[in-house]
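Next come two complexes built around chain A: one with chain B, the other with chain C.
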Partner chain A sequence: MNQTARIISIYAADTSGVCSALYEFGGMTVIHDASGCNSTYTTHDEPRWYDKKSMMFISGLTEKDAVMGNDDKFINDLIIAANELNPKFIALCASPLPAMIGTDLEAIAYAVENETGIPSFSVKTNGMNSYIYGIQNAFLELAKRFINAKSSSNSNIKSNIESTVIFDNKTSKIKVNILGMTPLDFPKKEYFNSLKSFIEDSGMILNACMGMETSLCEVENLADANVNLIVSSSGKPLGEYLYDKYNIPYVKGVPYGIGFAEKIKESLILSANKKTCIDATKDLREKGRVAILGESVLSASLASALLIDKGIKADVLETVGEGDFEILKDFDISCDDEKILEDTLKNFDTIIGDPLFKPICKGKNFIELPHEAFSGRCFTKNSPNLINTNISII
Partner chain B sequence: MIKIAIYGKGGIGKSTITSNLSAALAHLGKRVIQIGCDPKADSTANLLSGNPVLPVMNYMRDFDKEPESLEEISRVGFGNVLCIETGGPTPGLGCAGRGIITTFSLLEELNLFEKFKPDAVLYDVLGDVVCGGFAAPIREGLASKVIIVTSGEKMALYAANNINSAVENFKERSYASVRGIVFNRRNVLNEEEKVLEFAKSHNLEIIADIPRSDDIIRFEDEGKTVIEGDPSLDVSKRFLDLAKLLIKEDEECK
Partner chain C sequence: MLKSISLNENKIPEGIKISETNFDNPFHDGLHYNPPARGVWNIVHTGMLIPEAHQIYVCAQGCLRGVILTAAEMNRMENMSWVALREKDMWNGEMESRVIEGCSHIVEEMDEHPKCILVYLSCMHLFEGCDFKVIANELKERYPDIDWVDCYMTPTMRKTFEPDVMMKKSLYSPIKKLDENKKFIGLIGCDRATDKSCEIYTLLDKANVKMWEITDCKTYEDYLSLGSASLLISYLPVVNYASMDLTKRLNIPHLPLDLSYDDEEIMSNLKSLAKALDLDETIADEITFETKKEAGESLERAKQTIGNTPIAIDASATPRPIGLALLLVKNGFNVSRIYLDAFGKKEKKAFDELCKLKHDIEIFPTMDPVMLKASDENTESEYLCIGQKSAYFCQSKRFVNIIEGGGMYGFDGIRHLGEMMIDAYLNEKDLKLTISHKGLACESCL
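And now, the complex of A and B:
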């Protein structure tokens, strides 16, 4: 059987991704699903659940509602909840059941917005894609709905491509958006703090973060940035949208280690000045006997950081995502099949990955790098912060 | 863009009307896509001279995978009309409505409209709006207008009434609205009075009146529409007039 996981865990689903992405923006996020099914998200995928309040709901879909097409009941519940809670927006996403029967969440959102006046939208999910797909779509929908283009500096509008601003990192400060940051990839607040410090210590300004330690105001101001830093695949479609629509270029990479963090800094300055998009890992990767398992942007960044700081050559085995070969190199592999992964891993001496990959890495030197989207909170406390610091895991 | 979903009772002549309308639009120089949304997968037969297109659901069943290109699930017919059929699951099993939704998602993923850049898209939909799948063609972004095909027969008018009510119920969702009725004559007793009465009581316009015609049957036997067979026939002119009306309305919207 292809694409099955008999031994290892599976990644958080797209619905968890939507909730994670929208957690801090003051909206009401509703998964259209049977009652009880949101516990997967709250118990496994959301470290903020007990510290920070957010309006995350499940619709309580029943078999009868599904068979009878009782969309009106859902619409009424949404209207009642919205009038009571007054969220800044309403986001709807589908679990497998409504996706299967083709519930038109876009139309339901339209009806709810007409009735309540609260901006409402649906986020494309089916409960069967990975968290990345959910976050990508959630960020994109939110940005399309809330970016305040009028507040953006006009030099960013696509039609006005020629920018006269030269950022020398002293006289003009570069405004940076972080795109693709959620606890599913960055489970601790200290990661955000480190990234913010890295940007500020580099002489730049953090304009907005999508989406940790953030608010809806930051979404509104997204177009004010000079450059975007895409720190995971989850931020990629939003980065492309901001480039296409507002001419804000992006740099892909997480500033892991010391040397690679410096490379990211240089790339951000170059990108802001030249208005070009940069893969910071380009030319900083070599095929090796070390395999890094996980999401492509984080893993490729770690591989580059290991090469620069320690001279270690590492391949990326993208175990979640769509095969992003813009950042993956031709010797990297995208693989969501346990058996193929197990066989591929035999070619490596050292494996870096979430501890739940360990059972298929027998006899190998295994270095634990917990990934919240794969193992939930099981190993969060052991998750090392590698941002702009010496890498000590290997 | 002209975006029409054509509904009506099973066997009332939806596929005949749709393919003749597609052919008429093509005859007038428009780039047309016709999507048959019926498990029978016979909507586009008269545009393809007897060389049917492989329906999307059949492709997925036969190859156990999704098609990767539009070419695998479409054929170009008369007047360069791009013909697509959703097809359906194994008879008696699965879910036909879901099949339509799957097909539409797939066509979106394959960037059908961006690649083909049509002037008109016609959805020929199975009988009645029986479930969510069969309402999919009238969702936001797909068809913007519904045409109901009916004769003066009691059950055809009954189905027409159901379809009109269903579309009316979707008004709050920004779905398509009913543009009017295509009166497909069967020459039953008091047919004209019955259809006129139905149209009046539902405040609907009869936008085309298609006579019962042996020419339609004759050319269908040859795998053709009457537009392809002989555009100068009176019945062909009725389809051309409908096409011109839709083109004019579309241009007025721009």
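And now, the complex of A and C:
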């Protein structure tokens, strides 16, 4: 039955996505919520919470404030905290109840900005969508607010779309933005390190990362890049925005394995030179008896890497219910219903997925690939780094 | 007047002297910060105490995430299911049927019906004016072999009915009246087992009375046997609403024996229990003659070991942090900090006495946003802490790792606490690892 699960877990919600996306940019992010969203996020969805401080709070909404529409209290509390902590920006998002009673967060952000002078904005959430939706909206809002177009050094504006710069990676290096990188999909710092090394070893320069091991300066410089590398569905709307507004093309895919990493490298160079957007997985997929469960860009990338490096044909079973569906093939499936998923999995011999899917994969060869957005910190320590290296899980 | 805690020139929160703190409203209740100390139990942990029961949560994805992963970390996904509410559910008038059909689907998917299912409804149901009776009646009619229990995950109501208080009421709601057993009483309200060495158990032994504790129940039948109790006792404040409900439904008297660190109150409680057990009240004096002495000796040993080391206490460790601070100050300990967001009403007497005895104890909130800056992970402090939150804020590896009193009661509890303080002082803990564990004493996959 739709929206119902007997035994599997559930993906992180949009509110956690917003917090995860904005974590490292020096702002203050506040979920308009009674209680619970903060504990859930900081316990299960934020591996950085203990070691790296960030201003992530909730409003502490009560039933009285909800019934009476007491927005003044929320505004006042935001101003008190902002004056004490001096954040670089203030971002607001809503849990289900404010969404239900129609709280105007945009107006509240406007009032707070007027009072404090601190850039403030709302990010669309309602606590009922997945983390992908929250991250996508948060990155977009942040970029729209802080990109410094004047700093753009390579004429990345639409009017210059005909201009071309030939990058040979010797005299003129390609500057790359990573888009869609949060701990919900990449829970360990080593993933970022591997991705950065991959870019640098490919003769390119990392211009900015959205959003791990980063800062607000990198957001301001986003338009300086020559190409964007979209490593998850969470980065796609920002990639499209940067292409539409600044003519910066994107490549979709995570450089898993050896052969597919090489393919990504070639795609980045081609994309930067030709100003065209490329789905690196496009011609590297074939239907098989292996199913990969999870987020679409990560799963399609792994399927492509398995085909190139090991000759294994794998289908993607997109299980978040949100994200980049364009990357999926006709034989792939998008399904967030436990019962249908369980029945569909009967058609496969081997399943690659988060351990919390295991109870519906009985009798199958199950290969564990932990996904923070699904199982939180339960299996983080077992999460393998597959970026630009031999894939040893299968 | 409400005090707003501020950062000092070094960007570190400054506490407020206890003597300058407003007992009724110590701090401004603004935005909330959440420190990474996870030992305190939530409604999932508590619900799992009912043997052979299953839990179904019906709420939005964001709310589901926390409870589902609580169960996952406990390795109890087998006992956990969910129904997600989407935006359309808010407007289509099908809130009740979504719960009923979702729960029915889950039951149909099970190999065997559980004996009891706890159905947790959310703030969204509350604000929609959802008809809980219709849901309960329909599920009972469809599956009469299952005890259906309505539970609530409604944190917006926390100022009137805290989720913990509501949960404690739900925890005992399947209990039905059984033939009374005069030699059987029930201890309600505790998630953790109570020390068998405490004076409550000694008195029960004297009266030849057995006690029901939920942590001892292995089967659903064990759990239901509370219905035969002749008396209900409790010592944690969170149980009041549940005790009222049980007393009304089952006609079993309730005797509150509040956890305390005050000699007089402990004696008064034990005498009340002795009387309720038809024992001579003087027996309380007899059985505490030794334990009271041992408690004093334990604190003395602790003082000799700990010396003048500053001590910090937080409200997650005990419902009476002020009473505990007073006990320690009276015994010569250097209590310097207390972390809490509000004072318990029953702590007023201890508060007034503590203000006189040590007026400069610093009071800190735990949820105020500036507390984000309170801990410096790169600097280890000298504090001996009682409770996970104070240990985190002080960044101390020397801490007594307890929640809600730690199952310690009476003079025996004080003796035990003294021993735990010595152990905490002598044996450092891995702070991050220890406080990351969700639900102290629960199984964990981490």
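We adopt the following convention: the second predicted complex is superposed on the first by the 388 of 394 C-alpha atoms of A that agree within 3 Å, B and C clash if a C-alpha of one lies under 4 Å from a C-alpha of the other, contacts with A are read in each partner's own complex, and residues count from 1 in each chain.
Here is the rule we go by: a contact is a pair of C-beta atoms (placed from the backbone, for glycine too) under 8 Å apart; a residue touches a chain by one contact, two chains touch by 3 or more.
A quick note: this is a predicted structure, and the numbers were derived from the prediction, not measured.
> Figure out whether A:Gly60 sits in contact with chain B (first) or chain C (second), or with both, or with neither.
In the superposition, A:Gly60 touches chain C alone.
> Between chain B (first) and chain C (second), which does A:Asn114 come into contact with in this model arrangement: first, second, both, or neither?
first
> Which partner does A:Ile205 reach: the first (chain B), the second (chain C), both, or neither?
Neither chain B nor chain C is touched by A:Ile205.
> Specify the partner with more touching residues on chain A, choosing between chain B and chain C.
Touched residues of chain A are more numerous for C.
> So, A:Ala5: does it touch chain B (first), chain C (second), both, or neither?
After superposing on A, A:Ala5 lies in contact with chain C but is clear of chain B.
> Let me test your reading of the model: by the given contact rule, A:Ile393 touches which partner, first (chain B), second (chain C), both or neither?
Touch partners of A:Ile393: none, neither chain B nor chain C.
> Quick one: is A:Asp104 in contact with chain B, with chain C, with both, or with neither? Answer first, second, both or neither.
first
> Which of the two partners, first being chain B and second being chain C, lies in contact with A:Met68: first, second, both, or neither?
In the superposed model, A:Met68 contacts neither chain B nor chain C.
> Just which bits of chain A does chain B share with chain C as contact spots?
100-101
> Which residues of chain A touch chain C in the complex?
1, 3-16, 30, 34-40, 42-45, 49-51, 53, 55-64, 66, 76-78, 80-81, 84-85, 95-97, 99-101, 126-130, 339, 356, 359, 375-379
> For chain A, which residues count as touching chain B in their complex?
Interface residues on the chain A side: 69, 100-104, 106-108, 110-111, 114.
> Residue numbers of chain C touching chain A in their complex, please.
Residues 4, 6-7, 28-34, 36, 38, 42, 59-66, 68-69, 72-73, 77-78, 80-87, 90, 98, 101-102, 105-106, 109-110, 122-124, 126-127, 153, 155-160, 163, 367, 369-370, 372-373, 377, 432, 436, 438, 445-446.
> Of all residues in chain B, which touch chain A in the complex?
Of all residues in chain B, those touching chain A are 97-98, 101, 131-133, 135-136, 139-140, 170, 172-175.
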